[in-house]
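Note that the chains take the letters A, B, C and D in the order they are written out, and that residue 1 is the start of every chain.
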Amino acid sequence: MFNRRTFLVLSILLVLVLTLTACGSQETGGSGKDTLVVAQGADPKSLDPHASNDQPSSRVNKQIYNTLVEATEDMEIEPSLAESWEQVDETTWKFKLREGVKFHNGEELKASDVKFSLDRMMNSPEVAHIVGAVESVEIEGDYTVIIKTKEPFAPILAHLAHTAASILNEKAVTEAGDDYQNNPVGTGPFKFVSHDAGDKVTLERFDDYFGETAKVKTLVFRNIPEGTNRTIGLKTGEVDIAYDIEPIDLDKVREDDKLVLIEEESLSTSYIGFNTKKAPFDDVRVRKALNHAINVDEIIEVVLEGAGTKATGPINDKVYGYNQSLSGYEYNPEKAKELLAEAGYPDGFKTSIWTNDNPVRVRIAELVQAQLKEVGVDVTIEEVEWGAYLERTAAGEHDMFILGWVTVTGDADYGLYALFHSSQHGGAGNRTFYTNAEVDQLLDKGRTSIDENERLEAYAKAQEIIVEDAPQIFLYFQTQNAGVQSNIEGFRLHPAGHHKLVNVGFK
Amino acid sequence: MSSSVTTEKDTNLKSQAGKKRSQWGEVWRRLKKNHMAMIGLIIMIILILLAVFANQIADYEEVAIKQNTANRLQGPSRENWLGTDNFGRDIFARIIHGGRISLMVGVVAVGIAVLIGGTLGAIAGFYGGRVDNLIMRAMDIFLAIPSILLAIAIVTALGANLFNLMLAIGISSIPGYARIVRASVLTVKDQEFIEAARAIGASDFRIITKHIIPNALAPVIVQGTLGVATAILSTAGLSFIGLGVPKPRPEWGSMLSDGRTYLWEASHITTFPGLAIVITILALNLLGDGLRDALDPRLKQ
Amino acid sequence: MLIPVIIGVTFIVYSIMFFTPGDPALIILGENAPEEQVEKLREEMGLNDPFIIQYLRFLKNALKGDFGRSYSTRKPVFNEVFSRFPATLKLSTAGLLLAVAIGIPIGIISATRQYSLLDSITMVLALLGVSMPNFWLGLMLILLFSVRLGLLPSGGDVGFASLILPAITLGTGVAAIITRMTRSSMLEVIRQDYIRTARAKGVAERRVINKHALKNALIPVVTVIGLQFGYLLGGAVLTETVFSWPGVGRLMVEAIKQKDTPVVLASVIFMSVVFSIVNLLVDILYAFLDPRIKSQYR
Amino acid sequence: MSDNILEIKDLVVHYITDEGVVEAVNGLNMTLKRGETLGLVGETGAGKTTTALSILRLVPNPPGKIISGEIHFDGENLLELSEEEMRSIRGNKISMIFQDPMTSLNPVMTVGEQIAEGIEIHQGLSTDEAMEKAHEMLELVGIPRERAIDYPHQFSGGMKQRVVIAIALACNPSLLIADEPTTALDVTIQAQVLELMRNLREEFNTAMILITHDLGIVAETCDKVAVMYAGEVIEYATLEQLFENPKHPYTIGLFGSIPSLEHDVERLKPIKGLMPDPTNLPSGCPFHPRCSHAQDICKERKPIVTNIEEGHMVKCLIYEGVIEAKEVL
């Protein structure tokens, strides 16, 4: 009697749990033609574009919001919310807004929303630096916005195309207050439905979108941190598009008839920074020696399974302003030893390399440790937590550290200024504490000049000097990728890493 | 973890086992008859020998941590019995060296827990009253935090290295030992030989060390054996989520974690360290169960 | 008993976290905030007060459900943790139900056929079950069912299919423990005089087991199940990591990596509180099973 | 139908353990007439309880095993019945009262349920009817019927044994086996319980086997007495015969070991030595190592049953005339 009842209760409970979860599956898990499931490696931090500058958030925000102008997959600037613009003088830009654009809450886009959004952005600690050059935003009537920069700032359009410069609805933000990130309202092709923390974000087609409406009704971003699990999800069909396939799994996707692997060079670079203020890295010969001592090809092979290209300098050919004539450092341990001897370290030295818990970086550190041992440099690896990592590298406590940089705007200014200008020492980006007056001058020139040739020339020269001074070990440009079901059409990778999904549909 | 409940219950019965030397001989005789326990013991001896002579079997610098990327992700072969990992390192060598860490953490963590927990339990049981109440309520609170979470919290706070790992796992298993020792102290406290010792003027300290501790030994040995197993599991778990020993030192949990990326292409990287854990834990559990039966024959009727 | 335990738990966890290196003010403001601004925030946050004051303030806020804000997402920590809780509860419950549904019947069958082949096989499997690290089992299950066979999803919480592997991963160890416990408890009960009494009454063997032995045998098993829930919650941390399960465990692991102390703190406290509540429920169930205890409460 | 309700022939029961084979019962013979009360006496470990359990076929298996012999109950050999047939006898025609009332009752069932269970099984009554009958049984053993909903822990030891008796008598069995029913009770309670059992036995006209090592209880209760030693009945007699004229040296020793108020004994003469190790019984007469009359032959020859007079049997070489022992004769 008793046990029957207990088991009855237990089995009812079991069935209940099962059905509950089963119900859950029908709304999201189904591979119905109208739902597109995208898997990425982390949960968006915030759907308030001004409160986050992480890739997972940008990837979602890109679908919810629009910016004034937009960079295409080929890094060309195109109209978006602004249908046209003109440069009034060296520091003044005038944007004409598209009329009749609707927000998801039914409000119409007005110039005041643009001003509100950009002002809000300028006050946000996370993203203010992206519009650091902007002095003020003015409006003229409902459809004209005037942006003034503090000084001539050539790459302004590229910066305004950043997802952090998304235009929000003033009313929606004010009404939601602190809770805005749970009720984001934009003008984009998809409107927000729900965000299950740590799990998924669900979006729905916005039928009043000003452009061509989205191909799918529902768009789900799933958070699957483990790379292998994303690939498996693709294989089992629960995922339609998986971003960032693990290098080791690339062949699995390539070889599968039902899947397509899309690869594209990205705007992201990986490097090992030296602390140029600290001995022995204050000696350029040591820095060059280590550049020669590192076998980048081995790193690309081991860590990326070949899915990357060796860096010849700080930025690659996807970035406007890239210097094609640079060839970078060759792997040459003998030369490295010579240089070390020249610098007074014939027997090498002891030092440390820092990394955060990112497995790719940890693996790089392990390889570097082994490779430098060959030239007599004894490296200990210190895994430092991300917060402390940024904090302490900014404070200059480190010897060497591994980091990456994404030139989101596709312009050399974004890729070089923060990393190598002496005004940016520390947390602003220049964690190598590299200082070179000539480079400073060239970078300033590139930033303020509105003559394209002059800019290109300045950047070419700057890259030459930077490579020669070697404040970093230039590692590689990672190829970005996505695994896609073969019945998906209209998907393209964006070099900045956040891909547009409005045109993606099922065949 | 696995058998703590039964052990606690049996504490009373077992306390009598530790009285005479010859009784240990009896325990050994009974243990020898238990085939499963002997298998466990033999495996443990092999594992300990492997750990002790790890450098003689495969040099730490030259084999266990030396990268050989040309030979990476190879499956098991004659040269690399268990294959190689993503840096071309021999997995067998790494497992052996990882075993050193696991066994060391296991033993030291249990040592810490026995020492602190045992002392607290002995004090609580011996003095009783408010002291007892205070100590045991504190232990209850510790028990309310699932032990792996407590260990995680401690390692997070102190930073991940070998010493902190041992400390965290040790601290998080204190309450179990406190309870056991207290229980066995309570059972012997009022027995006649304690009274007799008191009557001839033995100090509390002497009574505790000479009379009470030997009697609490049997249950502590059983719990300790099983506790080493739990500690090894916790170590692997903490390493798995990145709270282990620094690289490039091999540790089973972190080897597993590193292998996850290669689960598809080279599953042996994940499979073998896991098997090493299973074998070790299995051996300790067999031995622990066998010891319990041997120390308490009444249970096995 | 629940309240003092919870207060004690918060005290322990808070003390541990208090001595974590790293300045919360710096983490919040970012790496290169000016010194005076950092100092101002330290003052505002009360970071310069003595430990006990800070703890009491923390406790006061915690009782109101205010555990501060996450360093990394800036959202209220309580909401963060709480929003992840249903997933963890679902997984742990599924794991526990699985463990109970397997462990108790198998334990009973094994006990009633002591020394049979079935019993031996069960015992070997149960021993393996308790010896297996669950995260490894999870990976092996993924390897078999997701990678090799492509049958089941390996990650996320997307319906029943995605619950199967994590629940098995989490439930196996507990199932093994429950099996062992049920078996030994059953063996003990079967030897009792009252079972002989029942048999002497002419009660059929099946009824002897189901009606007379089971309820008695379950009493200690229920305690074990309660204690195992803590193990389940701890195990959930690892299982959730393996299966990308959006629960408190994974939140905690992510927070550890990001050094998001308030989230780690709140997660540990939260899980401990849940564990304590579960044990309270177990005590009540215990009384339901054992009339000797019930009458004490009357 | 025969006069004998129970006849046990050459019963052999062994417990097979890792340590060796325990020869608990070795060729036991015994008969019991309807309505009669037989006292089964002997030291602990003599095989009394095993014999009783064998009758119900409840010897725990493993390790226990009935090796050979016959147990005829009402003319049927119980050892040949199917398990199901056996179940319909247990608690119905034969029931048993166990030694320790503290542990004989299921702690998680109400006493009412425990009494009603047997009734429900054997008498085909509905649960309610069975419960009503259980209430009557409770009253019969002197417990208010309202207490049927209470659990065993709410009763005292004597009360519990009354409940056990109620369970045993619920189906009006023709044979009741009581295994030291009063040993675990206080002396005053013992008397009450014995009194109750005697009355009920008479009322229901039940045959009874009373297992005890207390000769006083035997004297008060029994018609016949069987003395067991090392798994055998070594002396069987009526109460008067045995008490007035014990024959076996062991029986005599047993009397010697009870302090007597009636006879002035200068000092107690406990039987020297201990019960033999049941895994390694002595050859010949199992009692010989302790027997003051033992001679070499006793080590070799196993005594057979000797009829002293009508209904008085003994197993001893003395009465086979093989050896002499003047004091005994």
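Criterion: a contact is a pair of C-beta atoms (placed from the backbone, for glycine too) under 8 Å apart; a residue touches a chain by one contact, two chains touch by 3 or more.
All values derive from a computational prediction rather than experimental measurement.
Asks: Would you kindly say which chain has the C-alpha centre located farthest from the C-alpha centre of chain B?
Replies: Computed centres place D farthest from chain B.
Asks: Please indicate the chain closest to the centre of the assembly, with centres calculated from CA atoms only.
Replies: Nearest to the common C-alpha centre lies chain C.
Asks: From the C-alpha centre of chain A to that of chain C, how far is it in Å?
Replies: Chain A and chain C have C-alpha centres separated by 37 Å.
Asks: From the mean C-alpha coordinate of chain B to that of chain C, what's the distance rounded to whole Å?
Replies: Going by mean C-alpha positions, chain B sits 21 Å from chain C.
Asks: Where the CA atoms of chain A average out and where those of chain D average out, how many Å apart are those spots?
Replies: Their C-alpha centroids are separated by 88 Å.
Asks: Where the centres are mean C-alpha positions, what is the separation of chain C from chain D, in Å?
Replies: Chain C and chain D have C-alpha centres separated by 53 Å.
Asks: Indicate the residues of chain A shared as contacts by at least two other chains.
Replies: Chain A, residues with two or more chain partners: 226, 228, 232, 357.
Asks: Pull out every residue in chain C that's touching 2 or more other chains.
Replies: If we look for residues of chain C contacting two or more partner chains, we find 142, 147, 211, 215, 242, 257.
Asks: Enumerate the residues of chain D that touch no fewer than two other chains.
Replies: none
Asks: According to the definition already given, which pairs of chains are in contact?
Replies: A-B, A-C, B-C, C-D
Asks: For the complex, which residues does chain D have touching chain C?
Replies: 56, 58, 60, 62, 83, 87-92, 95-96, 98-100, 103-109, 114, 117-118, 121-122, 151, 153-154, 164, 167-168
Asks: Under the touch definition given earlier, write down the residues of chain A that touch chain B in their complex.
Replies: 226-228, 231-232, 246, 248-249, 252, 298, 301-302, 357, 359, 362-363, 365-367, 369-370, 381-383
Asks: Provide the residue numbers of chain C that touch chain B in the complex, in ascending order.
Replies: 4-6, 8-9, 12-13, 16-17, 19-21, 127-128, 130-133, 135-136, 139-140, 142-143, 147, 176-177, 180-181, 184, 220, 223-224, 227, 230-231, 233-235, 237-238, 241-242, 252-253, 256-257, 264-265, 268, 271-272, 275-276, 279
Asks: Where on chain C does chain A make contact in their complex?
Replies: Counting only chain C, the residues touching chain A are 22, 26-27, 30-32, 71-75, 80, 83-84, 87, 90, 93-94, 97-98, 100-101, 142, 146-147, 150-163, 210-211, 214-215, 242-244, 246-247, 250-251, 254, 257-260.
Asks: For chain A, which residues count as touching chain C in their complex?
Replies: Against chain C, the touching part of chain A is residues 1-4, 10-11, 13-14, 17-18, 20-22, 24-26, 28-29, 43, 45-46, 51, 125, 181, 196-200, 222-226, 228-230, 232-233, 235-236, 238, 357, 385-388, 390-395, 426-428.
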